[in-house]
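Next up: the structures, one after another.
Both complexes below contain chain A, partnered by chain B and then by chain C.
Up next is the complex of A and B:
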């Protein structure tokens, strides 16, 4: 019997539904301490003083850590991709979002840990906060990030750019220019299992880290970098996660729990409360997307200008990656030969945003598809036929000039139309994903086509 | 009060693998002396079903029954690198890693079977746990006996490793172009949403979603449908319900528990009609592309378009809460026309909200 293609039951399904799967919080190690974090009550403030002396003296407190205890406090998750670090593991000179961790304690029980948090003295000096990313580059905007209002490291630019073809020509030629603004919201990952880590110091000096990470080796690297230890000092145990959706790539709990385990020489479990999960864990980003499309009255999209703002929250995390992915896919399932795109990673005083299902591209779909429906409405043509006409075809090139090998805009659109009984004109109903020719290869789409067999478009695509 | 029905749709695409590549997955496989298969891979199963899918890929690549295969993704000591469960990479990249490892194990099985049967390895095939001579089905040896012979006669641990890695694609900071494909494959989907809009309360009810997904090859159709239906619910949340900042852009009054954060529940579940298309990829395991992330991307715009179809109002700030829908119905805002420009949503644009007309963003 062939396994591929078969409706086999989920490998771990019976274990999940009979509560026999072992999640991090199910692991019980004798002598485990409880961890709690002191988090910023302010959206934006300078830290003038941190005093943990009284907390450390409390009976039952086994470890207190601040930025001074982290070997490498500022480490960037994507340094390997050339994205520099900006976020401290534990806040040092300032806090930039409500909920930012400043100190953490490990104690014999939860009450003692909470009592210790109360005993930590912190002197803040509140600063003005910024929440609307549209104001981030205003002359009078609050300054909240040491890099400025936006992430500045896209090579020489402070934004990710796409330039393809001749946008001026497209907007000159257009019969109509349709402009719209689209604003997807921040949403929560909502895992049933909150962020949680259990770190056990082993006799030989290794740390065993029971982790809910979605990315075991990635998180292994992050913890090792903060602690400045080789990878063989750490053993990650995981692989089974109680809901992630992108929110458990951030390695949110492992490193601080490891620091407390090293400090106390005891096993430490840090399980975020539901309130912490909602208020202090990362979210999907809010976006602000402005699109102007140059279109002809018979439904060709000749060119597009896009300005995208991605709300990164207080630090960069994965946002530069997300905006680059957004840039690559900002034309959606369609071929638009003339493009000007500027995408910004904007800093605000909210919890840093992060990956979530569809990272960088969900926002494209939410904006571009509604915009396409609007174009059809403005032109008075079928939204189905508008999409089929401009659909990706074999040999067409993407915004970043990659030749498409097997695009399925046409097959999925036709299958959907058939399923709901949508009547299409015969020339549309007969469409395929094949290379453009005839009426479907008007003059404005010739230069963007890649030669047969090519993987990327050469300089023929303009500049 | 009246309820108005409307229909909207969307077509989307989504890439497989980390943007710009450079994200390895590694796996290794060993056989027990009775031919049973231990697979070690670091791919985290967050509920998407990678353990199941990887087991299916290994079983068919080796030619052994599915229940011979055990997956261990439990720790970083025994498994190789897997960059992570994100970027819809588990089936394609993680799946290729276990496939490549299984192909090497298969070669070792055939090599030892060749010695045992005294038949050239190229004339042997493996099916249902048996190594069989092509065209001479009585000339055979079980994979169990091959593994036993390897262990006790030849002194070999039958094993194999595989790495799936596509090289990093540099991007031009000037024009965004790349010189190599920055993804492993691209999947496509279309979604049709039928809604009812109450023009007194602003409430939107999604009555039906028709969804078509090209996933390349459905390794496990049940799990693909699970992704499609789970994704539909998340898409419905993005479209109509969820907002981490209920007074965005203000950061105050956030919901701090399930009771005050409105995520979709089963009562919101519309009628779902799923269609799986199989347009195989060239490089994926058994032609697979991906399904994971894209499954919540198409519904929001389809639902927003359906709201316009129902009541003639555009809601472009998501989610389309009853308040936003009512305000849009009352405003019935017509776009401003200036020459050939048709300008929607001007009041929420950078030029309207920024104190200097959005110069920092618009004049670059």
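Up next is the complex of A and C:
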């Protein structure tokens, strides 16, 4: 155990400071072609015609691909988890966000590739676009997804639900109802290394794929599924990533580069420009979160009603997973026994949104913490003491009924109070994470507690 | 024409308006300058031109002339690191590593210009045009200050050079603090 507690040099540290680390764009393969993509100039449109004939005839163009060239064009990022596919690799009949790829070319140099894009003729029929997720379920909202306004496959429901305890009872008993709306916005990951892939057709028929992915085996599966080839036809090389932050979990550039490599039988590199990265790469989702809490005047949160809209952009990608994590964390560091949560994955004509650092959780954590402070202001009590009173304790159960084994709310809150010099009442300063008892186990928190040693509370027939 | 890169005269045939970044990477395979934004905003393509940090993505080949170009390949190699490289390695100042080349060259130029210890504000000024999206700025600034003081070597110095704030630096209305 020499490593525990020691400062070890980074295994890639010397390579980084001598610029010997090999990022995808640093790999040199003779004869590599340059790829460029034709992206939708419209937020929402029907595609009436695609004509690539003129582009294919240009000198120096070695490959042009459209949806017709993709063996399995529509594949979902989470299809392996039972979340059905909705997103084409290359758009066929519709474009649903500005920047959506429709065709791609591989050429001897960048100028020729751009000239080829100009030579591709596409006829669009523009449609009204939807940008505000709050309007997605309006009867007159533009219909932009074949599934309707929201992702519909949460078991029997069209949204992620949590039902725990008796929320009607909580709101009947409340002295005060505190409401709040929280709207964290989209964030571009903005890695310094833009999306990039290099695909080399090998003599034996395999493809070697140099990838900037954060999720190597995941990307392997996605490329194999689109190309309908067995996994052993693809050799992925990666691990050196110039920043990802969640934005390189989606398989963004490898599949189209592979398609062009197969078409041209030449190595193909596709490096996105900074403009493409901002225009067309995925972002963190924007959210619309409405919280109403049933609160007693002495600071107990008896129950919570939550409605969340998760802006998925034009396609589902990982959003159904993100809203599920959001649901599990929607009480944050606090124990609230009576819950009704409804989380919708909403489609809009924005770029598809995706994972980013704490996917689905940071948004609701921000809302919960702001809301706790709002409750304290409404009640005129200490925001520290409100938090400590309702803090997760050993044996308390989460929104999805998992029993807390080692909750950190109390020690972390006490440490924060000490750090900023906050003076707490003696009963709060002496708190621990131990199982609730006495004054901290009022009647309304009894039923939510898991039996000693249990890991999960019995499902009360709820969610 | 000839290009003086890291003390070696190299023949190049790219058209005169080709960016220095493109010439270094694609024609000469000098790979330490990176494509970040290609519009002068991120600093990842920085090289030294006669010792001064310049954005190679914005510099046409024709404007370089016979100036001396220095890249990270010319600073030091594994086993023979320049002080600023050692300090970055000792103090974990590289995370993903993509901005590191530009940071190293701007820091090296500052230390050479100053010829002695640099203070925090001077480092912030010299690195102000460099983006680290991993946001590892604290360790980068500490590394540059340490390099300027000759505090480099196998044993990292445990004590941080920047004092730890005892109070939160930013107070937000409505926050519990």
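Assorted remarks:
The rule we apply is simple: the second predicted complex is superposed on the first by the 457 of 463 C-alpha atoms of A that agree within 3 Å, B and C clash if a C-alpha of one lies under 4 Å from a C-alpha of the other, contacts with A are read in each partner's own complex, and residues count from 1 in each chain.
By definition in this document, contacts are C-beta pairs under 8 Å (C-beta built on N, C-alpha and C of every residue); 3 or more make two chains touch, one makes a residue touch a chain.
These numbers were taken from a predicted model, which means no experiment stands behind them.
In the superposed model, A:28 makes contact with chain C only, not with chain B. Judged by the touch definition given at the top, the superposed model places A:215 against chain B, while chain C stays out of reach.
Among chain B and chain C, the chain that touches a larger number of residues in chain A is B. In the superposed model, A:426 makes contact with neither chain B nor chain C.
In the superposition on chain A, contact of A:190 is made with both chain B and chain C. By the touch criterion defined above, A:384 lies against chain B and chain C together after alignment on the C-alpha atoms of chain A. Contact with both chain B and chain C is seen for A:274 once the two complexes are overlaid on the shared chain.
With both structures placed on the common chain, the touch criterion links A:243 to chain B and to chain C.
Of the two partner chains, chain B and chain C are each touched by A:10.
Legend: residue contacts after superposition of the two complexes on their common chain; A:204 is shown touching neither chain B nor chain C. Chain A uses residues 7, 9-10, 12, 190, 240-241, 243-245, 274, 370, 373, 377, 383-384, 387, 416, 420 to touch chain B in one structure and chain C in the other. Listing the residues of chain A that touch chain C in their complex gives 7, 9-10, 12-21, 23, 25-26, 28, 189-194, 240-245, 271, 273-274, 370, 373, 376-377, 383-384, 387, 416, 420, 422. Listing the residues of chain C that touch chain A in their complex gives 29, 31-32, 34-39, 42, 44, 71-73, 75-78, 81, 85-86, 88-89, 92, 94, 96-101, 104, 131-134, 156, 167-168, 174-177.
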